[in-house]
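Labels for the chains are A, B, C, D, E and F, by order of writing; each one numbers its residues from 1.
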Amino acid sequence: VSASVVDRRSLEYLDRVASELYSSVLSDILDDLGHRQQVIRPEVRAVYPGARLAGRAATMLSVAVSELPAEPYKLLMELLDSIEPGEVVVAAVQGSTQAAVWGELLSTHTRARGGRGVVIDGLTRDAWGIAEMKFPVFATGVSPADSKGRLEVIAIRQPILVGGVAVTPGDLALADEDGVVVVPQAIEEEVINRAFEKVAGENTIRDILARGASIKQVFEEHGIL
Amino acid sequence: VSASVVDRRSLEYLDRVASELYSSVLSDILDDLGHRQQVIRPEVRAVYPGARLAGRAATMLSVAVSELPAEPYKLLMELLDSIEPGEVVVAAVQGSTQAAVWGELLSTHTRARGGRGVVIDGLTRDAWGIAEMKFPVFATGVSPADSKGRLEVIAIRQPILVGGVAVTPGDLALADEDGVVVVPQAIEEEVINRAFEKVAGENTIRDILARGASIKQVFEEHGIL
Amino acid sequence: VSASVVDRRSLEYLDRVASELYSSVLSDILDDLGHRQQVIRPEVRAVYPGARLAGRAATMLSVAVSELPAEPYKLLMELLDSIEPGEVVVAAVQGSTQAAVWGELLSTHTRARGGRGVVIDGLTRDAWGIAEMKFPVFATGVSPADSKGRLEVIAIRQPILVGGVAVTPGDLALADEDGVVVVPQAIEEEVINRAFEKVAGENTIRDILARGASIKQVFEEHGIL
Amino acid sequence: VSASVVDRRSLEYLDRVASELYSSVLSDILDDLGHRQQVIRPEVRAVYPGARLAGRAATMLSVAVSELPAEPYKLLMELLDSIEPGEVVVAAVQGSTQAAVWGELLSTHTRARGGRGVVIDGLTRDAWGIAEMKFPVFATGVSPADSKGRLEVIAIRQPILVGGVAVTPGDLALADEDGVVVVPQAIEEEVINRAFEKVAGENTIRDILARGASIKQVFEEHGIL
Amino acid sequence: VSASVVDRRSLEYLDRVASELYSSVLSDILDDLGHRQQVIRPEVRAVYPGARLAGRAATMLSVAVSELPAEPYKLLMELLDSIEPGEVVVAAVQGSTQAAVWGELLSTHTRARGGRGVVIDGLTRDAWGIAEMKFPVFATGVSPADSKGRLEVIAIRQPILVGGVAVTPGDLALADEDGVVVVPQAIEEEVINRAFEKVAGENTIRDILARGASIKQVFEEHGIL
Amino acid sequence: VSASVVDRRSLEYLDRVASELYSSVLSDILDDLGHRQQVIRPEVRAVYPGARLAGRAATMLSVAVSELPAEPYKLLMELLDSIEPGEVVVAAVQGSTQAAVWGELLSTHTRARGGRGVVIDGLTRDAWGIAEMKFPVFATGVSPADSKGRLEVIAIRQPILVGGVAVTPGDLALADEDGVVVVPQAIEEEVINRAFEKVAGENTIRDILARGASIKQVFEEHGIL
C-alpha cells in the first residue's frame, strides 16, 4: 500500500511516517527537490535514546523577559488546551538557555490530549520523568530553571523560525535520533511518497555493501549512498 | 515526618533530599524566594544517565597553567584527604576545556571517604569507570587529557563562582539529570521544607492532567505548572 | 607477554590495544614524553555508549561547498574502496556543522572491508543504525542532512589537522568514551609499552584508594593519580 | 549647582549627564547601591569613535522571522513616529545577527524628532552615514542586510531584556566608548547625584597618581580606584 | 547616464560602482529579487575606516595544516601572479583564526597588478601598513602569525563558500564599512541598474525625513525605509 | 649598530624594539626557531589605533569571584606599586567578560612609574581616557563594569597563561595593531637580532613588488613573503 492512498489527515498516516521513515531519508528527498533548509540545527536533539515523533506543528514563540508577566503562562496554556491529536508542539525560544520552557507536567497534559511530542530550540526540564514516560522531546539541553519570569510565550499558531528553519502551523515534523526535519505542506505528498521508495532502495544497498561490494560500483548502479 | 525534624547535619537528611527531591523543584522554590541565580549553567550535566547527588560543597578553584608546578596536585590532594562524609567536591575551572580535573581514581578515593559526588564547570575523564562505579559526577564533558601542567588547584574550601553560581563551602548542592542547584545555607531549611510540600502537590496535578484536564483550570486551582 | 613481542602490523596487536588500553592512559604517557597535543578536542565523542576503537588512520579532508560537484563523493568512495583491515577513517571537516559526512551505509561498507571505525571533527547521521550495528563512530554530533552539495572530500591519505591534532596516515588512533588520542608512529612502540605498564599500576592504586588510603601518601609512593 | 536642582525631566539635565558623566562612574555607583546587573553586555559598542548619549529608553522588541509580515515595519514606524525629545531607542533583537535593524534613514528621522541615539543588542547598517551625521548608535556590529523579512518588531514601549539588562520605558540610558549603562528610574536621582560627586573625586586622584604616588596609599586615603 | 550603457567589463564601470553604490543598497535589491543569501557574515569587516572596494572575485580556498607543505605558498603565488586589473582576491579559510593569510607585501603586489582589494573570512596581518597604503582589506580580524605551516591554499579560481555566501569566480564583490555583498553574474546587470535608481530615491527620502516628516507617511508614499 | 651591542636591560633597547620592529616580524622569526605558540589569541587587540608597546612582562592572574574580598585590589595594588621602568602589565583573566580589570587611573599610575603599557586577555574600561593619554592598552574589549567583587587578582609576578601563550615574568612583550607577541628570555637575543635583519629585507622586497614583479620570482630569490 503506497502512502498516497492513506488519508494524510489521519493519525494512521502519522503512525506510518513515524515508524517507517526517518529524518535522514526525508532530508535527502527535500534536498533533491531543492528544499535545502529544512533540517533544524543539530544542537536540537532527542532528550532520551530512541525518542522519535511525527506530527503536525503547533507553533509557539517565546522571548526572554526579566520580570513576571501580568498573566504568566497565558498563551502557553491557551496553546496546550487547544492541542489536537497528531500535533507536535514546536517552540522557538531563539536559542535562549536562561530557562526550560517544557517539562513533565506539560508532557503529561499534551499526551493526554493526543499530542505527539515537542521540538524546542532551547531547553526542557524533568528529563528523567520525560524519559520514563517516553514522551518524545527534542531540545538543545536541560535545566532545572523554570521559564516563569525568564521566557514568556508571545505568539501561538503563527509561522515561526525554529533552529534556522521556517515552520508554518500544520507542517509535518519528523524527529528521531539524528535530529528534526520539517516538511512544508505544499510538497508533503511528494516528499513522503518518494521517501517510502528510497527506504526500500537503501535496504537493498545495505545488504550489498555488507557483502563487501565496491562502494563506487554500488553508487554508480543505484545512485544512493 | 517533615524534613525539619531531621537533623540537617545528618547523612540521613542528605539521603532523603537526594532520593525524594529533585533539582527543578528546588529551583522553583528558590525562584519564589527571590534567589534566581542558583542554577549552574546547563552545560554542566550528569556524566551517566541516572546520576544524582545531594551533599555539602567542598570547593576548589583551578586555573589554567602552562608548566608543571613545583608540587603537582598539592592542594587537590589536601582537599581530597580532608573530605568528610556527606560532602560533594565542587570544582571551578572557569570553563576551561584544556584538560580533565577529575577521574576514576579520585572518585574511588572520594567515595571511600564518604564523599557524595562531584560538580565541575569543566571536564572529567574515565567516564566509563565512573559510570560503572555509579559515582555521580556532573561536568561539561570528558577528555583523556590529564590536568597535570594544564590546570592547577590554587584555592580550596573558599567561596567560588561555579558555572555562574556563587558557592560557599557547606552550601547544599543537589544534582540530577536536569542539572545542578545550589542552596545557600541561610535559607536551606525553608527551601527544603517547601520543596517537600511542592513535590506532593505536583504528584496530584500529574494525575489530574493525565486524565485530560484543562491545563488552564488546573493552574488556576493549584497554582503549579 | 609484553606488547613489544607482538607484531605492530598485526590485527591482533590492534585488538589488544583496543581491549586493554584506554585513551586517558595513552594521553598520560604522551604527556610524559613531551607530546602534549595528541588529544582531539573534547567535542568529538562516542556516538553511542561503549563505543571504542583502535586502528591506523586513513585520513580524508573535506571542505564546505555550495553546489554539487561534477563527480559527487569521488574521493570519498576512492578512500573507502581502498580501506584495509585495521584502518580507521579519520575525517577533517574543520568543525563544519552544515551536514553529516558519515552514515550507516558507509559504516556497513567500511566494516565489510575490515575497517575499525571512524573519527570526525564534525557530524555523522544514522546514529540509530550505527548504534545498532555497534560500529564505533566518534563525532561532534548528528544531523539528518547529507554532505552532498554541502561538504566535499578534497584530499585523502594526506597529513591533516583533526580537532587540533596533526594526524599522519598510519598513525595509531585510540578512541573510547573519554575521547580520541592519536599516537605518532615514531614513538608508538614506546608509548604502547609504557601504557601496558601504567594500566597495571593503576589497578593496584585503585584497590589501595578503595580501602580509604590517603591520596597524598599513595601519590608519594606510586607517583600515579 | 547640584544635579538635584535640575529638573530631571528637562533636556538640559540630559545634556549635563551626557557631557559631564560617563558610563564607568555610573556603573560604580550602581554597584555600590547593590544594582550589579545594569551594564549591557560588552559586545554592544559605539559604532564610531567618540559616540556618546544620554536619554530615556523608548523600547522595542524584535524577533527573527522567515517571511515578510503582512505590514512590514508597522510597530517600528509606530515607535519612531512617537519619539519625544530626549528619548533613546533601545532595541532588543536577542543577539540575532541575521540583519540590521537600524540605519541612516531611521537615524535622520529620529534626530529630527529630538531622539538622542540608539542602543541595539544586534546590528545596524549605514555605519558610514551614521558616523558622518554623528548620531550615536551602539550596536554589536554592522551588516548590509535589511531587517525586512528577517527581524520584525513585535512590541514597543514595554519592559524588555537588552544585552542581559532589564530595561523599563523611561529608564535613563548612558552610553559612551566603554559601553552602555541603564539606570532604573526609582534610584536615578541618588545615582546621578553620587556620580557627580565621584567624578570630582576621580579628577583629584588622577592628578595625585600622575605625580607618582603609591596607589595603595591613594586608595587607603580616598577609597577610589 | 545609466549604468547599462557602461561596459560591465570596463574598469570605469567598477569605479562607478565603488564610488556611487554601497553594500546596503545592493543587499536590498538582491533581497527584492529573491537572492537573500548574498551578504557575507558580519564578522568580515573593513580593516581600516573608510575602506571600500568593487571588483570581480578571484577566489582561493585554504585549509588548516599542521606542517610545512613541500612547496609553501605555491597556489597562493600562482593566483597572485595571475591577478588582472579589476579583480578582488576572495579568500575562504573557513573561519580559521590560527593565522593571517594576507599582509602588506601581498597587498603591495596585488595593487601593482591592478587588484582592487581583498575579502577574507579569516585574519590578515600588517594592519598598520595596509591602512597606510589604503589598500581595502576586509577580514574577521588581525594576527601577527603567518599562514606558513598553519593554513595552505588548496584551490584557486574555483567556486567557494565564503562567510556563508557562494562565490563564483568573476562575481561582483562590493564591500564598504557595512560589510561585503556578492552579486552573481547572471543578475548583475539588473541589480546594478536598480541600485542606481534606489540610491537616488534614498537621497530624496533622507531630505524629507530630516525635516521631521512622519516615517509612516514617507514609507507609504515612497516604499523605501 | 646591531641590537646585540645594546644592553638588553636598558630602556633604550626597549625603545628601539618598539619603534623599529613589529609583531609580525617577531612572530615569523619565532616560527623559524620552532616556537610556534607565542602569539596571543587575536581577540586581544589595541584599544586605540596606533597603540604599540615593547616591555618586560609583569604578570598578574585574576579569577572570577562573586563577592567582595576582605581586602579588595590587594595584590593588584602590590603589583602596581612595584612596577619598574620598562615593564608591561600582562594580565590573565582567563577570558572573563564580567568586568574590566584596567582603567584610566591605573594607566596614569603605571605611566608615572615608567610602565610601558598593558596586555589583558579580558576587558578594560575608560577607553576614551586611555586613548587620550596614549597609554598602550591591549584587551579583548571594554566595559564600564569595575572588577570589584567580580574579578580578583590572586597571583602576581608568577608564570601565567595569557590568551594561549605561556608568559614568564621578564619575558619581552611586543604589541602593535596586529596583536601581541611574547618572546621567551632564553632566545630573546637571537630573535631580536634576526628580526632587525628581516625588517631590512622586507623593505627591499616591498619596493620590488610595488614595481609589479612576479611574487613567485621574488619569493624564490629572497625567501620572504
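Quick notes on this structure:
The definition used in the following text is that a residue touches a chain if its C-beta (ideal position, glycine included) is under 8 Å from a C-beta of that chain, and two chains touch if they have at least 3 such contacts.
Predicted model, so just to flag it, every value in this text is computed and none were measured.
For the pair chain A and chain F, chains touching both partners: B, D. The rotation relating chain E to chain F, fitted on Cα atoms, comes to 120°, given as a multiple of 5.
Using the mean of the Cα atoms as each chain's centre, the chain most removed from chain C is D. Note: the chain lying farthest from chain F is A, by mean C-alpha position.
Matching D-F against the pairs in E-F, C-E or A-D identifies E-F as its interface repeat (over half of contact pairs the same by residue number).
Centroid to centroid, with C-alpha atoms defining each point, chain A and chain E lie 38 Å apart.
In terms of their C-alpha centroids, the spacing between chain C and chain D amounts to 50 Å. Annotation: 32 Å between the Cα-based centres of chain B and chain C.
Residue positions of chain F with contacts to 2 or more other chains are absent. Taken pair by pair, the chains that touch are A-B, A-C, A-D, B-C, B-F, C-E, D-E, D-F, E-F.
Put simply, chain D touches chain E in their complex at residues 73, 77-78, 80-81, 97, 100, 103-106, 108-109, 111-113, 123, 125-128, 131, 141-146, 148-149.
Across the interface of their complex, chain F is touched by residues 61, 63-67, 92, 94-96, 154-155, 159-161, 165-166 of chain B. Those residues of chain F that touch chain E in the shared complex are 22-24, 26-28, 31, 36, 39, 41-43, 45, 49-50, 176-181, 202, 205-206, 209-216, 219, 224-225.
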